[in-house]
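Going in written order, the chains are labelled A, B, C, D, E and F, and every chain counts its residues from 1.
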Amino acid sequence: MKLVIAIIQPDKLEEVHHALVDEEILRITVSRCTGHGQAEDPDLYRGQEVKPSLLAKVRIEIAVNDDYVERAVSAIINGAKHNGGEIGDGKIFILPLEDCVRIRTGEHGGSAI
Amino acid sequence: MEMKRIVPALGLGLLLMSPATALGQDGAEAAAQIDTGTTAWMLVSTTLVLLMVPGLAMFYGGLVRTKNVLGTMMHSFAAMAIIGVIWAICGYAMCFGGSVGGWIGWDWDFVLLRGLDSGPGAYFGDDIVIPHLVFAMFQGKFAIITPALIAGAFAERVRFRGYCVFIALWSLLIYNPLCHWIWGGGFLTGEAIDFAGGTVIHISAGMAGLVCALYLGARRGYPKTAMHPNNLVMTMMGAGLLWVGWFGFNAGSSVSSGLQTAQALTVTQIAAATGALTWIIIEALHLKKATSLGLMSGILAGLVAITPAAGDVPPSGAIVLGVVGSLFCYGAVVLKGKLGYDDTLDVFGIHGIAGIVGAIGLTFLLRDGAGAEFATQLWYQVKGVGVSIIYAGVVTLILVVLVDKTVGLRLNDKDQMAGMDHALHGEHGFGLLNLN
Amino acid sequence: MEMKRIVPALGLGLLLMSPATALGQDGAEAAAQIDTGTTAWMLVSTTLVLLMVPGLAMFYGGLVRTKNVLGTMMHSFAAMAIIGVIWAICGYAMCFGGSVGGWIGWDWDFVLLRGLDSGPGAYFGDDIVIPHLVFAMFQGKFAIITPALIAGAFAERVRFRGYCVFIALWSLLIYNPLCHWIWGGGFLTGEAIDFAGGTVIHISAGMAGLVCALYLGARRGYPKTAMHPNNLVMTMMGAGLLWVGWFGFNAGSSVSSGLQTAQALTVTQIAAATGALTWIIIEALHLKKATSLGLMSGILAGLVAITPAAGDVPPSGAIVLGVVGSLFCYGAVVLKGKLGYDDTLDVFGIHGIAGIVGAIGLTFLLRDGAGAEFATQLWYQVKGVGVSIIYAGVVTLILVVLVDKTVGLRLNDKDQMAGMDHALHGEHGFGLLNLN
Amino acid sequence: MEMKRIVPALGLGLLLMSPATALGQDGAEAAAQIDTGTTAWMLVSTTLVLLMVPGLAMFYGGLVRTKNVLGTMMHSFAAMAIIGVIWAICGYAMCFGGSVGGWIGWDWDFVLLRGLDSGPGAYFGDDIVIPHLVFAMFQGKFAIITPALIAGAFAERVRFRGYCVFIALWSLLIYNPLCHWIWGGGFLTGEAIDFAGGTVIHISAGMAGLVCALYLGARRGYPKTAMHPNNLVMTMMGAGLLWVGWFGFNAGSSVSSGLQTAQALTVTQIAAATGALTWIIIEALHLKKATSLGLMSGILAGLVAITPAAGDVPPSGAIVLGVVGSLFCYGAVVLKGKLGYDDTLDVFGIHGIAGIVGAIGLTFLLRDGAGAEFATQLWYQVKGVGVSIIYAGVVTLILVVLVDKTVGLRLNDKDQMAGMDHALHGEHGFGLLNLN
Amino acid sequence: MKLVIAIIQPDKLEEVHHALVDEEILRITVSRCTGHGQAEDPDLYRGQEVKPSLLAKVRIEIAVNDDYVERAVSAIINGAKHNGGEIGDGKIFILPLEDCVRIRTGEHGGSAI
Amino acid sequence: MKLVIAIIQPDKLEEVHHALVDEEILRITVSRCTGHGQAEDPDLYRGQEVKPSLLAKVRIEIAVNDDYVERAVSAIINGAKHNGGEIGDGKIFILPLEDCVRIRTGEHGGSAI
């Protein structure tokens, strides 16, 4: 099992979500975050451009069985790209996941994902 | 403004204007004639109606998604700026200048409010004199809020520049004529009872909203994607300010500070309360839960329904209009969900429907002696409603197509996804959400 | 409403009502008698007191936890809807109708405000005439805000339906009689000085809050779990609107637009400022930090303390009441923490205590010539306070038990954990917190 | 307050005060003389200017970082408390008491407003009588808002205690004298036209802000670290309330309820709208995007620019001042960015600059017959502006050094990083951000 | 060492927290998130039920030494269940944790947890 | 590759960010969280001290190649300490990271970090 963490642009959340659903990845956890990378995205403030050091991003966490990792990653990539890939589109991190427990039933492992 | 009073009033006003202008700066004598109490209330009413504009911005702003909150509030604020300027330049002249064949007003002396800036003021029925400028400013606030109301219908999916052009034209080509016809001495003046703007304001805005919503199409993702209000708390604050401001809206429309003012304020209060109570009772029966948005929608439904009637129905009539207004609006809003078009914030479902309920319904509830004989008055009311629906509907359609094809009105999908605040204004409404 | 003026006033008002009704729609003559300036200020005061209701919703709403913000604001808004309707139907009749043995007012003609809708208006002392309806609407706002105040005492732990029933009954069985006794011609009228509602409003609400808080018990987890205000920023906005609205509350209670109005507004302003300053000085000494909630609490303490006294103490008296009000309230609030009962938003600690401070304290600070001889007046004040405490306390207890046992008032633990907004209203106040 | 009217007005007022005081409590006769309509509007104006203080708190509060929102709002609220008390004690006496050599006012009878609490009221030009207390309260609100304005210049980096001391001294040593000189019978009274406070309020606050910002230095991290507004949505609400309140600010300064009131309200409305429109047009040209903060800044620029001129320029002049005000302020704000000093919320860039634009600019736009002969009036205006700049600048510098060296004004870096809310007040503005 | 991540319902945060404290697990990190799973929880909007695609959830992160994992998991399960287990009660993910550093002292490893 | 997660005090975010940039660690993801540890930080509420069970914290996530781990950790420690180390300064967790994908280009592994 793996834990896939994706940092994407907020405006792509919906598309990524749809792309994941198309791949039958139906369970995700999402949160707001801010990130610093190469991208710049100035706000305007009384006639001046203000460059925030941290830009609003969305963080998606998906626990998947190993055979779903690739599908998840490519779904995210498809959903998250702006015009075939722009700076700031984000990153995906893949972590080993040792176990997963469904609270409702207490079941463990791959079937609980 | 009850039409029966405004005709002689403005007639007298204009009569008086000229000699005063002729007499020149005889300010002292002029001031002596002015009723300071009525003037005070009309100044307050002007202020209260102005307060409704930020109130509306808050009400609407809280209902859209987080990424569109500033863009939506900007619609109300831009109306303050744009119509504020237009009104001073030529809006008042077009509405309340001498009638050109019943179709439009005009008076060169009203351009830039020049002729109003001095002089003794305008008479209103019962020998009440207030400075003419006060009346012009009071009316100007109505001109501001009407296009701002429309904006709810196409919230979250229009370009700011196109919106600015649209409301400027809408004000010039739809609001000003309609206002002239019904209140300013035009061909409908003296017929339909429209105390504070059922036909002129709410029906026209509701209809315009409907046409825009249909022409521009739904927001990207609607209705599949659930779209949550970003801040119902702010919507509640806005609803509170709207109720407060509406006292100026309706009670100010009596252009007096006496019994009729009190009557208008009273029925406004009662209809708002009744509308709110009715809506949450419907919800409690229908959904098993009373919602805050429901209570606020009921407030609005009651307030809109009483608006045309505020000078002419007794308290019991206000209760009826509050109940019926909420019933119809609730039905309309649920029906919209079924029909599937995207009137984002239910401008037609609330303002259009409750406006019609009020304008027609008042006929059945008039105080003894108010209005013409029943059938005649009913016909007047239907005619007023019909004219407003048809004129606002047709000309709005022309305008929205025109603006969309030239300046561009509908926001493209990419910018809709990014959100208006960032895409159009380069800002974020709630910086507090990010670390800073 | 200073009681010494209202008795003859209303008497005259009623005398005048009948002939006017007899004379029929002789509106012009009636209007001529009305003082437009006083009417204007009373219309404004009515509007300002209405503004206090959303102000209170914001004040209270900001102090609860995020999950209860809408539910808490709904308490204020529901009072606008429910009491708004009740007042028009029979509330005014019960408060200001002819006294039935000193215990309750009644006048069939006041039902649905029918008899007030026409006629020349009511006289108030010094030959001031305003439309009777304005007075009825002004008083109606007080009837709305009083139960809304109580809601702070049991915030975060009541069911909406039970709350609605509770305030409706509370208004009918407690507010209306009390208002009649002290202001409307009942057995206490003309004794205790209660200019704008110390005993009628703040003490009764404070006492009712205390009883409810004790009977319903603490919120789940209190006091072990720390419960943080979700939005002190909104609470500040609300405090601002309350201060603003209080000018209508107090200065409007003079039912005039002259010297006494000015006096009432002046002492209101001074007591609010002094109360605020006192509270932050206490905090600076006690806690080494001045808090924003402290400043706001001081504003409220000052405003409540001056309320019964606003027409009868000079500016220096307002300073004294502001200081003493804040001192006592600070003590009461700290004491509550020690005693451990859960008056969520300190309705008793602020409104109850400052109301008592004001009602008793004013005796020592009266302007020369105001009130009766000292000992007599002190006795009147103590009597008024006592009646309000006992009557509101006992009947509230009966009501709260009744409603809790029948309709259900206390929110169960599960719904308390889920939060009122979601559990009771199916909504979320701050959609912006989640991605949308 | 137009200076030409206030001199005789207050003179007469004082004349009348004494006999009335002598006559004792002859309240009935006194009340008879008072114009209830004008009194009503002045009470309302007082209320509206008070509303501007929470409005300002919201405007400023939304523009700082999340961790400083309460601390920033506290600056406005503390001014209500502190100046509210000082004004009643001695502020009014210092501003409007009899002139001591043209330099400062004083009247023992005005201390604690004692002499105003009874008596028939004060005459203002054209035989308008209002209770003297109303005028004192109206003026008191100006005294409150002026130091609150300054706070924007050093937002996010001052200690609360130092701030409280600073504004108290500033009010006593700068505002009160300046107000006396220009409005209260001092050596400049009757020269510069300053209808509602261009020199007395906006220029002095702007200049004080600039001096403080320069002396205290930039916020930690400025300008390298981007500092985002935490809540532009609240800033919009605040801007709305400011516009609304400004009607009281300007139209109340006519101390009447008639033509001049109407003129002042009209030009206020027009200048605000024009300023807003101008600013977003500049932005659209310069940055390709119109921002909400831009629109709001334009509203303020227009409102400030019209403030000194509101009684004396026609609508067309308001349009000119709106346009020019926004142009200059936009330039000033952009220039500040280039110069690199940290006037956090552009108090000098908006209030200072637009105040100067209005005070000088009005000379070119006066209504026929207003003011002295052109060159003379221009000299008066320049002199007024110069006196305000120099006096406010120099004495502020002395004060800020003094307070910083003794009580301590600049917030240390550690507390700046922790944020004012937590470090100084032990609170958090938006509890909703954390789970609770 | 393991990093235990639990996604639970917001109304159960308090109970889970108490349950953890009872197991002497005193240090936790909590954040807001939204999640999509099987659960549905409609809001009302003008007479209609609106089903958000993402529901508010709470994310708890706990770094524990290996012998505490089981205690943590069962405490979470006990605290987070509604009526013995309902849809939407959440998930627990267990990740390997290589090291842990206490910033105050700079100490590493199990003792720093 | 490792995923470094640091929980720090909000007022130290800026300094930590600067310290990381000085170590040429330019890409980070940041989010709000609340935490319970040893620290106490009472708020005032009407004359009383209220101790929140959860204090506001900031969570920083940094994906780094193995040779950067130490630099990241020490930069965070340097930036996050109050006066040489106070209770509440926070924790750093180091997790194994199996893969990293740049969404824009689709590239994998260490070069995508």
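Note that a contact is a pair of C-beta atoms (placed from the backbone, for glycine too) under 8 Å apart; a residue touches a chain by one contact, two chains touch by 3 or more.
Treat the numbers as computed from the prediction; the structure is a model and nothing was measured.
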| item | value |
| --- | --- |
| Required minimum of steps from chain B to chain F, each step between chains that touch | 1 |
| Joint neighbours of chain F and chain A, given as chain labels | B, C, D, E |
| Interface numbering overlap (same over half, different under half) for chain B and chain C | different |
| Intercentroid distance (Cα basis), chain F paired with chain E, Å | 19 |
| CA centroid of chain A to CA centroid of chain B, Å | 45 |
| Residues of chain F engaged with two or more neighbouring chains | 10, 30-32, 34, 43-44, 52-54, 95-96 |
| Residue numbers of chain C (touch at least two other chains) | 35-38, 40-41, 44, 69, 225-229, 231, 237, 257, 287, 289, 291, 293, 425-428, 430, 433-436 |
| Graph class of chain-chain contacts, one of line, ring, star, complete, other | complete |
| Of all residues in chain F, those that touch chain E in their complex | 2, 5-8, 31-38, 53-54, 57, 59, 73, 76-77, 80-81, 85-96 |
| Residues of chain B that touch chain C when the two form their complex | 35-38, 40-41, 44, 48, 65-66, 69, 126, 128, 226-233, 236-237, 239-241, 243-244, 247-248, 251, 256-263, 265-266, 269-270, 272-274, 276-277, 280, 284, 287, 289-293, 295-296, 298-299, 314-316, 318-319, 367-369, 430, 433 |
| Interface residues, chain B side, partner chain D - complex | 25, 27-28, 30-31, 34-41, 43-44, 46-47, 50-51, 53-55, 57-58, 61, 69-70, 73-74, 77-78, 80-85, 88, 112-114, 117-118, 120-121, 130-134, 136-137, 140, 160-161, 231, 234, 237, 257, 424-434, 436 |
| Interface residues, chain A side, partner chain B - complex | 10-12, 14, 32, 34, 41-44, 52, 54, 56 |
| Chain B-touching residues of chain F, taken from the complex the two chains share | 10, 13, 30-32, 58 |
